[in-house]
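One chain, subunit A, links the two complexes that follow: it is found with subunit B in the first and with subunit C in the second.
Now for the complex of A and B:
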C-alpha cells in the first residue's frame, strides 16, 4: 500500500528530530565503540552499575531541566548536593533519625533554591551570576559546618537507600525513574510546567498574558534545589560518607545531560525522558573510557568534547531553524 | 452622542524632550472598524500603547463603556477587553496552537493543577473553526505562516472576550489572498460587536475596511472623517503640515561627480534598488516605517547579506559589502538606534570619539596621548559638542550632544560618504536645527550624504534629491526643489 510509506517516513523523520534522538544516537555509538575495544563493557552487571551510578546524575538533571526550560540555569546544584550530604551526616551524628536527617537535607536544598529564585525572579539578577555566587556561598557553608572534615555514616537504615533492591532493580534506579516520571508529568500535563515553556519561549509575552513569571521561576529553582539535595542524599548513602567536596563538577554533568537531551540552553525546549537518556549517555561515556583502559585523566576532556560534538550535531540536524 | 465603547479625552503623554501626545481626543463605537493614520511619529503608537497598558504616566481621561477607567498595566487593558495585535506577534513558537490560544487562561482539571489538554484542543478547534480557519490545534506554532500566526493571535484575543482589538499594520507581511482572509475575519469580528482600531500606512485599506478615520499630526488631532468624506486627498491633507519650528534653508550647491553608485541591489526584502550620489549631495530616503530606509543603509554598510547587485564607491567596486571593508572604502554609518549602536554608554566622550580612529593617534600600536587629545579637541570644537571635559561619561550628555559625538566619531575616520539614519530622532528642536546646519555644512564640504528620517519634513528640508521607498523598492526618484509632502506621501502610502 502506498499510504503507509509516507507514514513510515514521517515516523523516521519524527524519530530523527525528536528530543531523545541525539542521546540515543550517542549511546549507541559509544556502546558500539566500547564493545569493540573494551573487554567487559557488554555485560548486564556493567550496564546495571552504570545505570545505578548515573541515577544520581539523572535526579539532578531533572531539576536542572526545569530551570533551563524557562530560560534559566542553575550551576549551584553541585554545591547543594554536597550541602545535603553534609547536613544529613551531621544530623545523623547528632542522633536524629534517618528520616529527620533526610528532611533536614531536603530543606537545605529547598532553601538554596528559594534564595536562587529570589535573586533571579525578584531582583532580576542574571541566573548564571546568582547561581555562580550561590555555588561559592554554599560550598563555603559546607566547610564551615563540617570544619572541612569528611563525616562517615554508619546508620544502616540510611545506607539502605543505596542497597535495597526492589523487583530486581536497585532502589536508586527506581528513585531516578520516579523523578523522571514526575518531571515528565509536571512538564507535559501541569499548568505550571506549561507556563515554564511559555516563559522560556517569550517571557515578555507571557507576562503580558497575565502569567506570573517570577513565581514560575521561583518554583523551578526550588525544585532544582530539592532535586540536588535528593541526589546528594543518594550519593552519601552510596559512599557511606559526606565529603566537603562532594558534588564538585556534577553541575557540568547535569547540564550536559539536559542539553544532550535536546533542551535549548536559551530555554523553551526540553523533555524529561530525553534528559534522563542524556544522563545515561554521559554515564556510558565515562564507563567506556574506563572499559577501554584509557587513562581516567581523559575523562573530563572526553566528556566536554562529546557534549560539544552532540550540540554541533543537533545544530546540523535542525539547521534550518537558524 | 454617547454609545462609545471607548472614549479618550485630553490625552497627554510626554517623553524626555518631546510631547508625544498633546491634548488628543479619541473614541470608538462597539463593532466599529476605525482607521488611525498619521505620519511616522504623529502619535499613533503612543496612543495605542497607552491603551495596551504600556505606560502608567500619561494624563487625560479614559472612559470604557461610559465608566472612567485607568489603564496602567497590560493586565488592566486585558481586563477591560482591550487587546493589541502587534507587528511582532507575541506568540510562543515552542508551543502548539491550542496552548498558545489559552496561555495564561488554561482549561484545567485535577483541582486546577493539571492542564485539560482535551478541553483545550476542543475549545481551540471550535474557535478556529468558527472563523473558518483550517488550522489544527495541535500544530506547533512554528509550522504556521505569518498570516496564520496572526489569525491565532486574533483567536486568542477572542478567547478572553476582547471587545476592542488594535491591529498595528496587520497586513505588512501578508499576501493579497491572506489579506482577503483577514478581511473576512474582520467582518466576522464586527458582526460579533468587536471594535477594531486599524493602524496602517496603506490608505487603500482605510478606504476598504473603515467606517471612520482619525488623523493625527505632531501628537495632535488633525481631523476625523466619516465614511462619506473619505478620499485619499483628504487623508493626505490631514497628515501633512508638520512644523519643524524654525526656518532653516539649505544651501544651494553644485553637485560634484558621482561618488557612490548603487546598481540593482537586493536582498530578501529590498528589490532592485539603484541610485547615485555625488560629492556635495544629500540624497534623502523617504518612506513609511518598514519601507526599507534602514535596510538600505544596512545593506550599503554590509550589515546584512545582499543577494544581488553592485555597489561602487569612487568607481571602485565594494560589493559585497562588509563593515570593516566599507569603513576603509570611505563609508560611515550613523545608525538609527543611537543607544544601541552609536555610542558605548559607559565610556567617556574621549574614548567614544577615538573608537573608530584610534589608529590615527597610534604609533607602533600604542596610543599617543597628545595626538589623541588633539583629535578629540578638534572634533569637539568642529561640531560644537558641549562638554565639560573629554573624560566625561558620554551617557551624561544630552541626546543631541551624543548624536553630535557620534557624527564626530565617524568624521574622525575621514569618510567620503555619510549614511545618516534618522539623525535627529528624540532630539529637542533647538539641537535639531543645529544638526541640520552641520549636515548642510558637511555636504558643502564635499561629503556625499544619504539621509533617512522618520520625519518627512526633515528629508524635504535637507535633501537635494529624494528617493521614495515603498515595501522594499524604489517608488520614485524626485528632485527636492519644490517637492511637497503631499506628493511624497501620495507615493509612499499606496
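Now for the complex of A and C:
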C-alpha cells in the first residue's frame, strides 16, 4: 500500500506481502477454527454483530493509524472517547439539540488532539509521554464534569445513530467504511498523506526537503482526537449512556488493530484498509474465543497470544524488524 | 557547600524532581497540619513502595532503550503464584517467594527473548505479554481471591521494623540505593548506559549489548514479581486482578524521575523520587479533602509540566549555545 514495492514476483507474492495479507490470513484461520469448534460462529447475524461492534474500534484505529505513520503514538484516545460521550450526554441534558451535542463532543476531541500536537510538535516531547499525561488529564476532566456518574441518554435522534439501517447495513458500519475510505484517500492520494509517510520514514530528511514536520504532526493528532470523539459518540448511542470510565483500554485495542494491519510502530508504514481489517481480526478473534467455549480463565491468554503471533508472523514475512 | 554544588552538577537530571518534591512537601505542610507528621510520611512511603520497586526495574529497561508494559500483570502473577503455593499447595514461605520471583524473572526472560530474537519492538512484545500474563494469573487462580494467613509471609508486607519502619519501605529504599550504586559506580552500569545511549557504538566497543538488554528485562520482571509479593503480603491476599493499570503509574514515576525514552539517560535515585512525588500528590490531595477525581488530572498535569520544563530547558540551552557560537564567529571574522 505504500506504493514503493516493485511489482515483480507475480500476483500471489504481491498479495502475500501486502499489508492486509496478515489480517486476512488471521481472519480466515480464526474463522475456520471457530466454525469447526463453535456452534454459532458461522451465522450472518453473528458476523454482523461483530462487524458492527468493531466499527467503533475501526474508527478509532483510523485516527491512531494517522498518528502512528509519522512515527507518533496516541494513548489518550481512550480517554478522549470517554470525554466525547460525557460531553454529548451533558449537553443533551442541558437541552441542546443532538447535532449541537455531537459538535461539542467533536470539538472536545479536536481540542485534546491540538493539545497533544502542541506538546509533541512544538516542545518535542516523546509522544508516549505527552499522551500518557493527556490521558490522565482528560480522564480526570470527565470525572470532574460528570461527578463520576453515568449519564443515561434518551434522545431518540441521538440514539438513532446506532439504530438506523441503510441498505440493509447498520449505520455504524457505514460510518466506519466512510472513515476508512476517507483515510485511505488522505494517505494515498493527498500531499499531506505523502508527507506523513515521509516524516515517519526519515524525519530529518523530510525536514530538509521542506516539509513542515511540526504542522503535519499537529494535523495528525487533531484527526486522531476527532476520530476518537466520533467513536465515543457512536458508542454512547449504542449503550444509551455515557460512562465516566468509557473507553478505558480502547487505545491498546486500536493500536493492536493498526499493527496487525501491517503498520510499523516506528512509523513510515501502514494503510487504512489493512488497519480496518486488523480491527475486524481482533473482533473476530474475541468473538471466536467466546463462541468456542474456551474457559473464561484462558480467554485473555489466548487473545494476547493470537495477537502477538499474528504480529510476529508479519514481522517475519515482511522481513522488516518492527 | 562545594560538595553539594558538584553533586548537583553531576546529578543535574535529579535536581529538578527533588526540587518538585521539596516544593510539594512545603506546600502540603503549609496547607494542612496533619500532613508533615512522621506517621503520615511513613504512610506515603509504604503506599509507594510497590510502585517504586517496579519503577526501579522499569528504569533499567527504559535506560537500555526498551519499555515493559507488562509489569502490572507480572505483579498479579507473582502474587497469585506465591498465594497458591502457600495456601493451596502448602509449600514453605521462602520456597514460594523464590518461585514467585522466578516466575517474574521468567516472564522477563520471555520479554527479552521476544525483543532480541523475534524483531518485535519492546512496546508490542510487552503489550502482548500484558494480556497473556494477566490471563495466566487468572487461569492459575481460577478467578478466586486467595487468602494467605501465614504470618511469615504477611510479615513481608506488614511487619514494622523497630515498631516504626514497615518492611516494604526498607525493601524499596535499599533497592533504590543498590540500583543507584550499580548504575553509577559499576562497570555493569557503564555498559547499561552505553547500550541505551548508542547500541551500535557500544557493540563496537565490545559490549555484549544483547546480554545487557536481556538482563534488564529479567531484572524488571523479578522486581515486578517482588512488588507483587510485597502487595499480596500487605493485603494478606492475592488476586489475578491485582495491579491492573499499574504500568501507567510505574511509567509515570520513571518519566518524573527524568529518564529519557530515547535510552541512555536516567538514574535510579530520580525514579525513586519520582515515585515518592506521585505518592505525595495523592496523599496530600486526600488529606486536604480534594475529591479523588482531581488526582488523575493533577498527576497528568504534573507529567506534562515536568517534561515541558525539561524540553524548554534543553531548547534554551541550545539557543544559548547557538548565540555563543555566533558571537565567537563574529569576533573571529572581525
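Everything that follows uses one rule, which is that the second predicted complex is superposed on the first by the 303 of 322 C-alpha atoms of A that agree within 3 Å, B and C clash if a C-alpha of one lies under 4 Å from a C-alpha of the other, contacts with A are read in each partner's own complex, and residues count from 1 in each chain.
One rule holds in what follows: a contact is a pair of C-beta atoms (placed from the backbone, for glycine too) under 8 Å apart; a residue touches a chain by one contact, two chains touch by 3 or more.
Not measured: the values here are computed from a predicted model.
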- Query: Per the overlay, which chain contacts more subunit A residues, subunit B or subunit C?
  - Reply: C
- First (subunit B), second (subunit C), both or neither: which does A:111 touch? neither
- Message: Taking the superposition on A as described, I'd like to know which of subunit B and subunit C A:189 touches: first, second, both or neither.
- Response: first
- Message: Quick check on the superposed pair: does A:308 touch subunit B, subunit C, both, or neither? Answer first, second, both or neither.
- Response: second
- Query: Where does A:197 make contact in the superposed view: on subunit B (first), on subunit C (second), on both, or on neither?
  - Reply: first
- Query: Is A:24 contacted by the first partner subunit B, the second partner subunit C, both or neither?
  - Reply: neither
- Message: If we overlay the two complexes on their shared chain A, which of subunit B and subunit C does A:181 touch? Say first, second, both or neither.
- Response: neither
- Task: In the overlay, answer first, second, both or neither for which of subunit B and subunit C A:205 touches.
- Result: first
- First (subunit B), second (subunit C), both or neither touched by A:144: second
- Task: Residue by residue on subunit A, keep only those touching subunit B in one complex and subunit C in the other, then list them.
- Result: 321
- Of all residues in subunit B, which touch subunit A in the complex? 74-75, 78, 90-95, 99, 103-106, 108, 112-115, 117, 142
- Sort out for me which residues of subunit C touch subunit A in the complex. 67, 114, 118-121, 123-125, 127-136, 138-139, 142-143, 248, 251-252, 255, 261-262, 291-301, 303-304, 307-308, 311-312, 315
- Residue ranges of subunit A touching subunit B (in the complex, touch as defined): 189-192, 194-195, 197-198, 200-202, 204-211, 268-269, 321
- What residues on subunit A touch subunit C, complex-wise? 73, 119, 123-126, 128-130, 132-141, 143-144, 147-148, 252, 255-256, 259, 265-266, 295-305, 307-308, 311-312, 315-316, 320-322
